[in-house]
Amino acid sequence: MKPDLSVSIAGLELRNPVMTASGTFGYGEEFAEYVDLETIGAFVTKGLSLRPRAGNPTPRIVETPGGMLNAIGLQNVGIDAFIEKKVPFLRSVATPAIANFFGNTIDEYAELARRLDAIPEIAGLEVNISCPNVKQGGIVFGTDPQCAFQVVTACREATIKPLIVKLSPNVTDIVSMAKACADAGADALSLINTLTGMAIDLERRRPVLANITGGLSGPAVKPVALRMVWQVARAVSLPIIGIGGIMNARDALEFILAGATAVQVGTASFINPGAAQEIAEGMEKWLAENGVEDVKSLIGALEA
Amino acid sequence: MKPDLSVSIAGLELRNPVMTASGTFGYGEEFAEYVDLETIGAFVTKGLSLRPRAGNPTPRIVETPGGMLNAIGLQNVGIDAFIEKKVPFLRSVATPAIANFFGNTIDEYAELARRLDAIPEIAGLEVNISCPNVKQGGIVFGTDPQCAFQVVTACREATIKPLIVKLSPNVTDIVSMAKACADAGADALSLINTLTGMAIDLERRRPVLANITGGLSGPAVKPVALRMVWQVARAVSLPIIGIGGIMNARDALEFILAGATAVQVGTASFINPGAAQEIAEGMEKWLAENGVEDVKSLIGALEA
Amino acid sequence: MQFKSMIISNVEVSPGYWRMRMTAPSEFPAAQPGQFVMVRVNDAIDPLLRRPFGIFDVGVHTPAQTGAASQPYLEMLYRVVGKGTGMLSALHDTDLLDVLGPLGKGFELGSPKEEKIIVGGGVGLAPLYLLAKELVKQSPVRLFVGGRTRDDVLCITEFERLGVECYVATEDGSLGECGLVTEALVRRLAVCDGTPRIFACGPHGMLNAVAGIAAQRNIPCQVSLEGYMACGMGACLGCVTPGHHHSNETPDYRCVCADGPVFDAAELKWEA
Amino acid sequence: MQFKSMIISNVEVSPGYWRMRMTAPSEFPAAQPGQFVMVRVNDAIDPLLRRPFGIFDVGVHTPAQTGAASQPYLEMLYRVVGKGTGMLSALHDTDLLDVLGPLGKGFELGSPKEEKIIVGGGVGLAPLYLLAKELVKQSPVRLFVGGRTRDDVLCITEFERLGVECYVATEDGSLGECGLVTEALVRRLAVCDGTPRIFACGPHGMLNAVAGIAAQRNIPCQVSLEGYMACGMGACLGCVTPGHHHSNETPDYRCVCADGPVFDAAELKWEA
């Protein structure tokens, strides 16, 4: 019997729980040679801003033990060019496309949510709140429950589409962040974004990254991500998308046991461009081999 | 010319900046076959409590990508047995021994600081504040600046020995934690302790660790540790001991560039029991080859 | 001791089970039966931790050629279960490994008068061959070995060659008796003269049963345990097992690596 | 294309420099000179990311034996600088590698009328051999190659065998002229008939100088860049380089992996 892999997140019906993570899959087109987009549950665009962003100077990435740091600086084409150049491609794909976006002020977030809400090809919105709030001295929205509440409230008022809030792991209390976003009307939570880290070039006595610090991703962060997904899943009733170091189907299933309804594959796509599809296929195989008829029966099924 | 590796931390004169990290080097004796204790700067005991602690059920450790999780649960012989059975060994070693300790209440911390202050063989104290405050609903002392301030103040009043405070990385703002400890009279700060994480056994649908969550250490955490050391070094004038994923002399020197005066070697000693000594020797070699006469000239010398 | 060891041979002896012979320092052959080694699979951080393995055999190879130096060696018998053992099985002769050992406390051999009974399950046989080699020097030795199928019963010929009498049981009956090895053990104990001494290594369930059988009959019994290990030398406290009187109020955790891996079964806490 | 490739040979051609020949799918030999591959060094997570390497050569090996299938191959020329290249150099024939490629945009060959000038520094020579192989089919080709010492000047015989005229300069004078290769380049440009076309690959400082020399003289010049890469296919935006008109207000970052690695030098921003 073919196991049922379908899940529903915030009103989005996904053929399976495997999504690609923002910033690691371009705008979908780049991977067309390696991933049949119609074999995965959904894909998430590179983070979008109101105006095009240059991003940071290079070096922007560096490998670390079991992971990598990136300081891309949210380079993106901006919402206008996105609509003009990238959206047409989305029309040809029968897989939900989710737009990831960010702003520097609450107004920018709301404005983007409004613009994205109007694009029929966009099935859902993912708000990246790991960005500095320029009006409040640069404190990162996603590290303060009140800031997060405000930004999510503003987005919620601006869109009727499924609204996913992507949480930063650089916090003392991930549960209070999750609750603030739930209270503000989020339909789902995705976590984790990258952990802030740093790498040093000993010979040159300089940080490797031009930006000094960057975001850590990849297998190294998986234990932290699993822990946070588990904590949030027990405390908040919203569906959760688990992210962080997922390299194969087993990793993905671990996140589902911890309480995630779906997962996102990030860094793994760099190492194996077909990773997302292989993970979806591997999950199906594992379920079949283990006599699990419906992946939904595994969500939060951890005995702890 | 032989480079000068000596550093001074909180009044402790160390022959070189390499220390061993609490919980990874037993009480010093265990490694005598592999490390000549007189080749390293100092060593730190397993965390001590007032009464003996059983620790957690097993499994207590699990390997993760580029790291490991531990949930030992602070098993230790307790201060009385420590004094009776472990201190005599310290007398024979001409290398500073630092006692790491923790309590469940502020009074326990203070009481331990007083007891340790009275032991002549103990050169300094390292307070582990990554422990739950049982009187305040289990919030971890080291994740709240006010709690940390109180516990460090109490220890400060109880000892005139060098007082090192070991910071938890599971916080939004490591700098405010560091400042609170500095304000309370700490002589030095050591960071990082472990990042909270989790591992799941897919087949058994259970957490691998009996304790569910554990502390992540090893190379995987190095980027986070380097970032925090760098942030704290720029904000606080106390000497810093860098910890987290140090596997070799180059890693150790990176921490020193980031602003650490000394380093601690943890997980590396499990993989290579001679790690601490080899790192000290490797630092000397690197300094000589690179014409650096004094390791102190590298402290915080990162061009950023 | 920490040393660089060169692989001499690495052979699959049964599906999924490998036997590796590697060079050792000249002091190594003094290792006690039941002691173990911690092997670093490669120089990278994946896998990060060393892997513990029993010492299957030790010896000194004297080359046929006159003049060539004789070479002490150690052998491991291991089952491929995950990443580390998978990588080990891909290594070839002349590849190098970093080894720590011999570590831990081995078996106490007992007195020559007693009958020696060795009980092994699956790859739990690994540390028992070196034990048998010592025991046959002074006593009659019987081996009770169990496995799920025929493929899980290893190296019987080697034991027989030592003069050990071997009883085999498999759960599917594909070799020897069909059933658990403990059944054959109980039958033997019923007919055995005097008090024998039991030595066991294998899955925890089997050890639990053997410890129970021995306790009921007041027979001295040593078991060799496994445990997740980071350091292998008593420092991390990762590998502990509760002692007989352990409770939360009177904690009595023993390190499998430093106090064991061989324990007197009566010292430990067993499930009823 | 993503494929499993089997190593055919892996040889140290000069101290620290290796040449690896490996099997490739039948479409692979259509790779353009200047394109590159991303190699996964092993299946573990250390190293985690793929490593980018130029395509030194492609071809099809036709076995002497009649009836044996002919085998397309690719070659890389690489320098051991760190962990990944260190591990590559330890691989043997018959070992397998996971390869992604050919990736990126290669060199535009230009028209047969022009003289072709290739400038290479150190291991920057890697993608230039396949280029020279194409160029000699239609034009006279001159190679200006520089290195720190004699050991850094690679594969000159191979270029000469193609009929390429080679000028060598080393910083320590241990081979060819003593000095920078750009000096010889400037002298050649002074006497050259018509407008030549320059192709360059090497350290960034050398490319910067070559781009300046070409710009001053209005000579078309293509350069092949390096950059820290995660994906190699335009998705991560890790590898970018600023375009000529780039500024923070009018951002114009190009992906080295997808828009390059070969760029028209005039499109890029250079240090003055």
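Order of writing sets the labels: A, B, C and D. Residues in every chain begin at 1.
Here is the rule we use: a contact is a pair of C-beta atoms (placed from the backbone, for glycine too) under 8 Å apart; a residue touches a chain by one contact, two chains touch by 3 or more.
What you see is a predicted model, and the numbers here were worked out from it, not measured in a lab.
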item: Steps needed, at fewest, to go from subunit A to subunit B via touching chains; value: 1
item: Chain separated most widely from subunit C, comparing mean CA positions; value: D
item: Pair of chains ranked first by number of touching C-beta pairs; value: A-B
item: Where subunit A and subunit C are represented by their mean Cα positions, the distance between them in whole Å; value: 47
item: Interchain centroid distance [CA atoms averaged], subunit C/subunit D, Å; value: 54
item: Euclidean distance of C-alpha centroids - subunit B vs subunit C, Å; value: 36
item: Multi-chain contact residues (two or more partners), subunit A; value: 65-67, 218-219
item: Multi-chain contact residues (two or more partners), subunit C; value: 45-46
item: Interfacial residue positions of subunit D with respect to subunit A in the complex; value: 2, 40, 45-50, 98, 100, 227-241, 246, 248, 251, 253, 258
item: Subunit C to subunit D touching residues, read off their complex; value: 44-46, 83
item: Of subunit A, residues touching subunit D in the complex; value: 23-26, 30-31, 34, 46, 52-55, 58-63, 65-68, 70, 72, 75, 218-219, 247, 267, 269-274
item: Of subunit A, residues touching subunit B in the complex; value: 64-67, 69, 143-144, 170-173, 195-200, 202, 204-207, 212-213, 216, 218-224, 226-227, 230, 245, 250, 253-254, 257-258, 298, 301-304
item: Residues on subunit B engaged by subunit D in the complex (per definition of touch); value: 65-66
